[in-house]
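Each of the next two complexes has chain A plus one more chain, namely chain B in the first and chain C in the second.
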Partner chain A sequence: MTEIVKSITTPIRLEYVYRPGRATARFLRGLAQGRILGQRCPATGKVYVPPRGASPTHGVPTEEEVEVSDKGTVTTFCIVRIPSENLSVKPPYAAAHILLDGADIPFFALIQECPLEEIRMGMRVQAVWVPKEELAPTFESIRYFRPIDEPDAKFESYQEHL
Partner chain B sequence: MRDVAIVSFAQAPNVRRELDRNEVEMLMPVVTEAIEASGVGRKEIGFTVSGSCDYIAGQPFAFVSAIDAVGPWPPINESHVEMDGAWALYEAWVKIQTGQADSALVYAFGKSSMGDIAEVLTLQLDPYYIVPLWPDAVSVAALQARVLLDRGHITERTMAEIAVRNRRSAISNPRAQVKGDFAVEKLLAEPYLVAPLRKHDCPPVTDGCAAIVLAADDLARKVCKRPAWIRGIDHRIESHSLGARNLARSRSTEIAAEKAGVFTKPVEVAELHAPFTHQELILREALRLGDGVSVNPSGGPLSANAVMVAGLIRLGEAAMRIQSGEASRVLAHATSGPCLQQNLVAVMEA
Partner chain C sequence: MELREAQHVLEYPYRRSVGPVMGRFFGALKEGRIEGVRTKSGRVLVPPHEYDPETGEAVGDFVEVGRAGVVTTWAWVAKPRPKHPLDRPFAWALVHLDGADTALLHVVDAGSPERMKTGMRVRARFRDERVGEIHDIACFEPEESR
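And now, the complex of A and B:
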């Protein structure tokens, strides 16, 4: 008896070698030392982190390197209730934009060690790093951010970064 | 119709593998060079459009982050085509024709080295019947070369001669990647990569980027001593199905050339986007180029083939022959898709 083929599965896979470029490579090497490195736009003075080597407003190289704090302010956040393949964290969890002190663009990170209902705009947080011997040139050197005992930042201080 | 001209052109050195810089870092100096050479102020440019393909870098929305390279603030009028930059230039030309802009910045980028480009290009094939067979770009081009050989249109020697001529022309192009004096006999002694194609029949894998500034009418006359006026530009596409096409001939190029006005007067220089040696022959026939025409004085895509950029570079290289005074009527061609599926033809005059 001949079997009738109704469908076939043809998997597709492409492999790439990712090269971050000069600016982002410096940022990643900074993470391996427990530092967060941004770059300053020569035209506006704004500090971009992670840097991509260009001022996104002026199209000029951002050559001045600036170390920013690992403390910052939650500008906006969401509670994620849908599981994702690439994350070790189990839902529900909080994903936030964090404006690091000294930076002019928010930084995406997870917030933990905090009841979800307490997370709010303006909340002050700090990075929790992996142990020193595990630091590497990867975003995973920062495990997550946690609340710190500081008064909330005023809305005016981050309203431009929402 | 408005008179539109290429007033400046810049390109990065074409290299096998750009290890150091990301696309934005590569683009910034090239975009700046093109804008400064154009004489049109960065803030005066009326329209910006790019050509690239996210599959090249394997990153979704890579084209969005590339806009960092142009400084889009205050907000600019901007667009993108998921195609070679030559089609971005076509969009810019149309935009200027509508009167919505008097000048345009066109740029293209591609780091083919980040993936296996021959396999990445497999994904542009018909997804139902061809992609599951997973033929890479070289194998598909080899089918076309086989058609030409079987019909007696070309020989492997003629193909090698095309490679030798292009690589020799590239010696005078400081931005070319593969260049030098090669002996036909020696090339023919090399093994096949995918029969009947040898390595010299195929384009190199290239990382690169390029930028062009267009200007219309009096603005072009004001900023440029000898603008390369686009007298005709047209593009045509053929069937997605390789089996439905006559691979030995490029009907779409013939029609585009007719519409662009190529055949009304002879051209002195032609920059052809023929990534494979045998395709140069197909294009020469479709465009009716005689022996007197200088074909690919830059070395062409056989010397440097940044995918998504090489077509735009043809327009830039041809325009520079006008600006330098070497020629007064030139042709530029760009291709997209497998086996010359889609073709753009432009004629420029002094």
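And now, the complex of A and C:
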């Protein structure tokens, strides 16, 4: 009797060489100094972080560099309960969009040092950096965000960024 | 600090269920046979489908087809990538197996593109250790080399 095969593994692997370009390179160098650098759109005044060198709405170069805070507001979040291979963090964990103070676009990060059921929209958080000697030009310089003792931000303050 | 480039790897370790028809096809490969299915109109589909692509009707019995057939089209790969099935230059080819009415995508180990020709006959070389997947056929080889 011929066996009926139930499933097969079909792994997909793509190896990229990523070239960040000038704007993102400045952002990554900023992370190596413990700073978060964005760029301002000259047409709208909005600050984009990480910067891509051009305004996504107007297409013009974003040449003015702006340092934003490492504190911000949770706009949306997701509790992840499904494990994934090659991921250092174990579920359940919280992934969030965080609107950094001074930025006009949310930033993706993990939230820790907080019970999952307490994570909420409007919660104020701050980046937890790796030790100074481990700072490097990579997103991994920010380990995660944790809650800070500040009143929740009003919905109106971030409703444009959902 | 120079920031010219960074290595980045995107990897998904998919496992997919194959269903009763492809499952039987892979099971037959494990036993060293190539099987297709016969549609109501009598056509033999290799690789098999669960439904007749022309009418949408369920397919009928499994049919063993030949291990050899004819190349209907091909493309030469001069520089194989690490995940390609062969570590030397080869051809991707559609192989119309003896007894089948459709063609199977696989590789032909021909050594050089000069040995490839549409209409050439090729024969499957099976692996000794088979697990029930398409790479149980290591490759197809030109018949004249045998």
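One rule holds for everything that comes next: the second predicted complex is superposed on the first by the 146 of 162 C-alpha atoms of A that agree within 3 Å, B and C clash if a C-alpha of one lies under 4 Å from a C-alpha of the other, contacts with A are read in each partner's own complex, and residues count from 1 in each chain.
Assume contacts are C-beta pairs under 8 Å (C-beta built on N, C-alpha and C of every residue); 3 or more make two chains touch, one makes a residue touch a chain.
Computed from a predicted model, the values in this text were never measured in an experiment.
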Touching partner for A:29 - first (chain B), second (chain C), both, neither | second
Using the superposition on chain A described above, determine whether A:15 touches chain B (first), chain C (second), both, or neither.
-> both
Touching partner for A:56 - first (chain B), second (chain C), both, neither = first
With the two structures laid over each other on chain A, which partner does A:156 touch: chain B (first), chain C (second), both, or neither?
-> neither
Between chain B (first) and chain C (second), which, if any, makes contact with A:137: first, second, both or neither?
-> second
After superposition on the shared chain, which partner residues are touched by A:85: those of chain B (first), chain C (second), both, or neither?
-> second
Overlap the chain B and chain C contact sets on chain A and report the shared residues.
-> 8, 10, 12, 14-20
Can you check the complex and tell me which residues of chain B touch chain A?
-> 18-25, 28, 31-32, 42, 55, 57-58, 65, 67-73, 111, 113-116, 119-120, 123, 131-132, 134
Going by the contact rule at the top, pick out the chain A residues touching chain C in the complex.
-> 2-20, 25, 28-29, 32, 85-86, 137-138
Within the complex, chain B is touched by chain A residues 8, 10, 12, 14-24, 52-61
Footprint of chain A on chain C - complex, ascending | 1, 3-18, 20, 22-24, 26-28, 30-31, 83, 132-133
